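Chains here go by letter, A, B, C, D and E, matching the order in which they are written, and residues are numbered from 1 within each.
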């Protein structure tokens, strides 16, 4: 399929914006119409992204379907989009989770539907933009755009302590990203100073071959790293995450865990490492230690969480630790695994949040201690929940396994001891997830749940429609991880080459 | 009869004597303005001080400026100020409430500032004409005013107009003054309007020098 | 696609399909929930037997076996893992056990689960287990094996927790999975290590290259030992070897057919299979072998000592399973691979039989598992009684039943390979095994009845769907030892498996020895038979046999004399308590402390910075006093600072 | 005077004429609010038209050697900067005139004096932007601030309004005296008030500085005094004290005007005085600006954090923004590369524009909310605004996001440009850039707090129906 | 002395300092206003003195001084108007009593 003539990337990025505008002009009391418009728009964007995937030249290393137009020529800032395998998989993840989230919001969100849907679609614009921007300035803009709708989504439609959570989320993220802005400008200027021209000073493709000098590289890397590490979130920058998750509405949590955390991982892979390879390599040891701490620490703390969402949030800290670990070992399998892990985590944790949302909708509670015996009352739900619980603990055959294993493998090549430490999470992960599952799903129906009477219904049709695609994806990616690994293999090779670690690192050969 | 070129006995030139006298009056008057307890007398001292300054202007060879000083400051501003004092001051002025409790700090700051200025003045090598003050030709002033400085001249007139318009608006008493409508409740008056300061209250206030304002 | 490959795929696809169909529509089938699952496994059995015939009898495949790949599963740079399968003699032998026991358990379950409303789930899970287990034995690379490894773990989890309303069942399921994960952690690290040194995970290549690399000196011995021990970690978890043995007894919370199939006959043998499969690796590092032997034989005696005092019929069998698995590992450790697999096969049948019997007993006395509330059942449930007697004799090693041959071979091999300590302990364990098995028989079937009087009249033999499998399992329990093990030293089993382990034997420098019935081998046989008989007779004397009445008073006095030992054994040597303390309590405290740290220190810092900023704002606002003179003074001060600053800095 | 000179001064003259016309009209037909505001608005539009119609602008904005149409023997100049600032000031006036009536009328405050005074003030600001003579600069400054004092006290029966006004007035006069003293020193040492002449003289002095001569103390003192004066007008810490009180006390539209008009006027003053006249000495005043910028942004933001009064909060916020703009000025002073210097100045101007719109917009929203007398300035009055008046809430959110600096709002681009300039200049300025970003993050807290009230809290129980003012409708 | 610029400038500086002191120390609004007038006069003195002593500036100095006087007049007007307005509200001329807005 030839799509070179169409600005398909722009269409994907700004499609949701058009949807948001359409909704803006709909009367607010037409909530049903607004919901459907939002869903249809997100489905259309999803369709476009699938078309994009079909037309994508797999295996090619560099960016495709680039769109470039001068924007602020005085500083060489361009509107520049492009896609490679890494972007593609994350774009697909985003478009998929967005429509699922919108659909999942049909029932729970009844207040200010219009604003909600607009926020969601703008959120999608920002996220897609981040994944597709090849101009640092443009990237930064998309990066910040993401903040606002999420701030509103948590703050308006969130739980009782939502204001604290949302302000914490935004301020924390801002601290990082504003420093990143300084770094972006500093690198651009450093380029300009060396080259005497602003042309390309913000252009990713130009900058990644530029090679910044040592001190700037270190400082800029740290600034970028801080922004991304907060977003990922890496230990010890993670404490906003449990608060945000607990307070966010279900769909907000889905997107937060499913896509927003990936923005950080993507940023590290796309920008922090290739632009500042020397600094990245110098600091890799620290990053690896932080990742290992995150992996183990997140899992251990998850164990004692009384709240379902907090538990899943800490599990995210742990799982995202794999992503950063995979990135900073600079090793083919590890990095490919990290990317795969991002997708898997997006799908699985997104699904887990949906599952928690299902309980919450019925009980308006998420306290694990109050649950129990759901298997008897809501068998289908228990099955789906169990499925994702197993996927989350990395059961082979489901998608969580391959990514984790590849990261372990890469880490093992780097340092068997590090791999050994990381792999402890296999036990702790199983422990906290299964303990949670046992307390919620097994046993006799708890008194609290009994008191709900007939309100405690099994999963309904909408929820089934939202979860089924995720089941399918979990299975598909578990059985055919090559779908993603093949896409990202070439770009990963390139990134590793930039750090000076080529492919083919298996020891002894 | 021709006067001797210097003051007898003191052996200083006459113009220096005039200068010293005027400077003394000027500074003394100014000090009395800021130190005097009675505000009305302060106003009067100010007039004296300004008059001395007019003399200094004359000494500096700027008679036009001296005349303007008399007209503007003594004739207009001082009278304006005296009127304002009358309007806002009951007869029994709270004489003890003259100084803020930070007066000592103010004194230090003022002395320090004065010293800095003097040091700077002395330390700077001003490019001066050797033969003392040069008189300003009035005709030349007129030319400048309506030539090179015509824009500032017009602007000043606009400035005065604006000041007058605003001043009139602010100072004039509205017909419905007694009523309390139209008060911006967005800023509720935190301090209830005091009655015209009675002496008893004033002395009561005086004991604490600076009274903490009422909390909103 | 050739028919052999197709049949391998069908072997996997049919149970998986059975699982899928049952899971989706099983609930609607009601009492006929088995109608998809059981026929599926019967068909699977037929196909499996075809493959077994092709492999073992028709020799249709080369010695290395049938290997083929389905598709590339993980393509990540150099790390390429395919979904590929292999069928060789070892696989075939495993297929015999897995499919036969599996099929019989399926049939048995029709009756056993007839009254359980969740039966559709049960059959679905069983089918899923069959799929996983078959994948485990058919996998041709380590990672795929690992996948199956975890999937059988999952099936085990699901089936142990089948009665999820029972808290103990849910806890046991979780415990089983998590303890297994401990082993899997080692296993997965071992896999990574293998890939790191060899660059592939396919069995044939790994087993061919690793010895080469080792002998060429490319891999230092500590690495090789490490790999072997990491793999053994996995085996320890799955086969419940000390110190990871704690999950298996608890796993008896699952329905009895599950205990028979998964926790006796098949899944728990996966560890043995793994070590046997990796014999080429273990054979290179004698140190690792010793570890395997030691842990195996220690588990054997530890479990046997616990089995002595347990009163729950299934728990006795569970500890007996542990003990027998320990035997197998001891065999692997001494290099007796064939013997280990032989015992695996025999044990699979007779232990499956014993468990199904126990299920039948439990069924008869209305879900009572405590042997103290049984007794005198021999006449009331004769088929169960007789088949169980056969099983008990088999496990006790009484010739010519199955257990005798395999157990004897293990003991003989350890003796001959110089592991006298293994042999000595093994003999003791044999004695203990015979004793506690017949203690079980005595307390259950003989002597006076302690059954609940309300239940007593209703005791009846199980339906045919249960008894027929018992009878069918009793047949191999009697005969398979002789069928495969005779003549001594060169029976069918060693004909089949010798080629598989040939390379490993070479690496160990072992040479086939002639069997001397009138020499050392005969002597060893005599010893093992003697201790078995001693154990059996001792148990008869104390706990009764047919009309021989138990001597309860005597038992009590003897128990009192060794009370500390008795209490220790009865409480399983307090392993559960120890682990509970270490991992649940202390670990929980640690987790709680860490969470406190998270909130107080990490989040506290974050909030502290925010609070500090706000506090600074609050304080700094006090300079705004509202009084103009203060402001003016501030400005004047600013002016002075500015002036002085300018004068100092600019004038320099 | 030539036709060109008249044309050059036409917008300025038009505003003054309009102001007088308003006064006259009010005398003829008293209390015709819509008439006078109509005239005032029309006059502003005419002045804007004249600015644009006066023909092509010579030279780029921020050019260091301005070339423009001079008038009145060189004390007035019309160059690109003049035109730019004229348009900006006129826009500020226009917006203020548009949203003021909604606030003033219900409170019985007349439009006529308001319009006239505002126009006088704007004309002063325009004069600052156009002057090439220190005296004219001073007069422009006074013309700008004197009406400002009156506007601050415009609600003369409101204690807070007059309190704010007298504080503003006293401190403002004090600073004027200080500034004037500085002018006197400069005048006395250099012997001229012409900016071009000053610039040339200073260039030679600066050249002398290069070879080790010290700057004469009188000149340095003049610099210090003038810096203080400008810092006061721009509300830079520690000369900012008047700001919160004057802003809080003033009627809301006046606060809106005060927060942008005089502030940008002060920066116009800085551009004409510091950049053009004192430019050669920039290495001497560089450090002062850096310190002022750092103090200003930090203290402004910290003080704003806990404010419960929206106007006072925005006052502190405006102080913080002064700090950001000062960074641009500091870049001019600190950078060595002329291109970077120009970027710094562009940043000042761009940020000024962005700031004018977002801040005025925010105040317009506050004013719209306070259309009914009795609505206080407490932040709680914003409770549930998103539901009560969605459009107003949306606009306020937009302005606040811009103040935070979230892309793609103007506030973001302003910050980005300032940052870019600072980062380019390097050294202390890069550190200042980092400080600025940390400040911006802290500032996000109090801006977003308003959003919290609007969307995440319920309306206060006594909240009344909100009617949207004409400005927000427009 | 009367022919030395420094003398006039020192006089101006002293007057300015006195005015500053008055502004900082007095409580009465009108007294503060008077202090400001003193300061402006100090500046004016300096300007006229510069005009008289710096070559060619005599008339310029005078003109500027005139402008400054006008501005001072304007300031006084506005200032007094504000004082009167606030006096109506608060009934006190003491500026430090006007502190209802702070922090």
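By definition in this document, contacts are C-beta pairs under 8 Å (C-beta built on N, C-alpha and C of every residue); 3 or more make two chains touch, one makes a residue touch a chain.
Everything numeric in this text was worked out from a predicted model, so none of it was measured.
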Chains touching both chain A and chain D, listed by label: C
Steps needed, at minimum, to go from chain B to chain C via contacts: 1
Centroid comparison with chain B (C-alpha atoms), farthest chain: C
Greatest separation from chain D - chain, by CA centre: C
Selected pair, greater C-beta contact count between C-E and A-C: A-C
Chain B and chain E, separation of their C-alpha mean positions in angstrom: 5
Distance between the centres, which are taken as Cα means, of chain B and chain A, whole angstrom: 69
Intercentroid distance (Cα basis), chain E paired with chain D, Å: 25
Approximate Å spacing (C-alpha centroids) for the pair chain B, chain D: 29
Shared interface positions of chain B, touching two or more other chains: 100, 102, 105-106, 109-110, 113, 116-117, 120-121, 126-127, 149, 152, 156, 159, 162-163, 166-167, 169-170, 189-191, 193, 210, 213
Chain E, residues touching no fewer than two other chains: 9, 16, 19-20, 23-25, 27, 29, 32-33, 49-50, 54-55, 60-61, 67, 71, 74-75, 78, 81-83, 85, 88-90, 95-96, 98-103
Chain D, residues touching no fewer than two other chains: 135, 139, 142, 146, 149-150, 153, 156-160, 166-167, 170, 174, 185, 188, 191, 217, 220-221, 244-245, 248-249, 303, 442, 445
Chain-chain contacts as defined at top: A-C, A-D, B-C, B-D, B-E, C-D, C-E, D-E
Touch list for chain C against partner chain A, complex: 72-79, 143, 146-147, 150-151, 154, 157, 161, 164-165, 167, 169-171, 173-174, 177-178, 181-182, 184-185, 188-189, 192-193, 195-197, 199, 218-219, 587-588, 590-592, 594-595, 598-599, 602-603, 606, 610
Touching residues on chain B, where the partner in the complex is chain D: 116-117, 119-121, 123-127, 147-152, 155-156, 158-159, 161-163, 165-167, 169-170, 174, 180-191, 193
Of chain A, residues touching chain C in the complex: 168, 171-172, 236, 238-240, 297, 300-301, 303-305, 332-333, 336-337, 373, 375-376, 390, 395-397, 401-402, 405-406, 408-409, 412-413, 416, 419-420, 423-424, 426-427, 430-431, 434-435, 438, 441-444, 479-482, 485-486, 489, 493, 503-509
Sites on chain D touched by chain C in the complex: 166-167, 170-171, 174-175, 178, 214-215, 217, 220-221, 223-225, 227-228, 231-232, 238-239, 241-242, 244-245, 284-285, 287-288, 299, 301-306, 442, 445
Chain D residues touching chain E - in the complex, by the definition given at the top: 135, 138-139, 142, 146, 149-150, 153, 156-160, 162-167, 169-170, 173-174, 176-177, 180-181, 184-185, 187-188, 191, 193, 244-245, 248-249, 303, 312
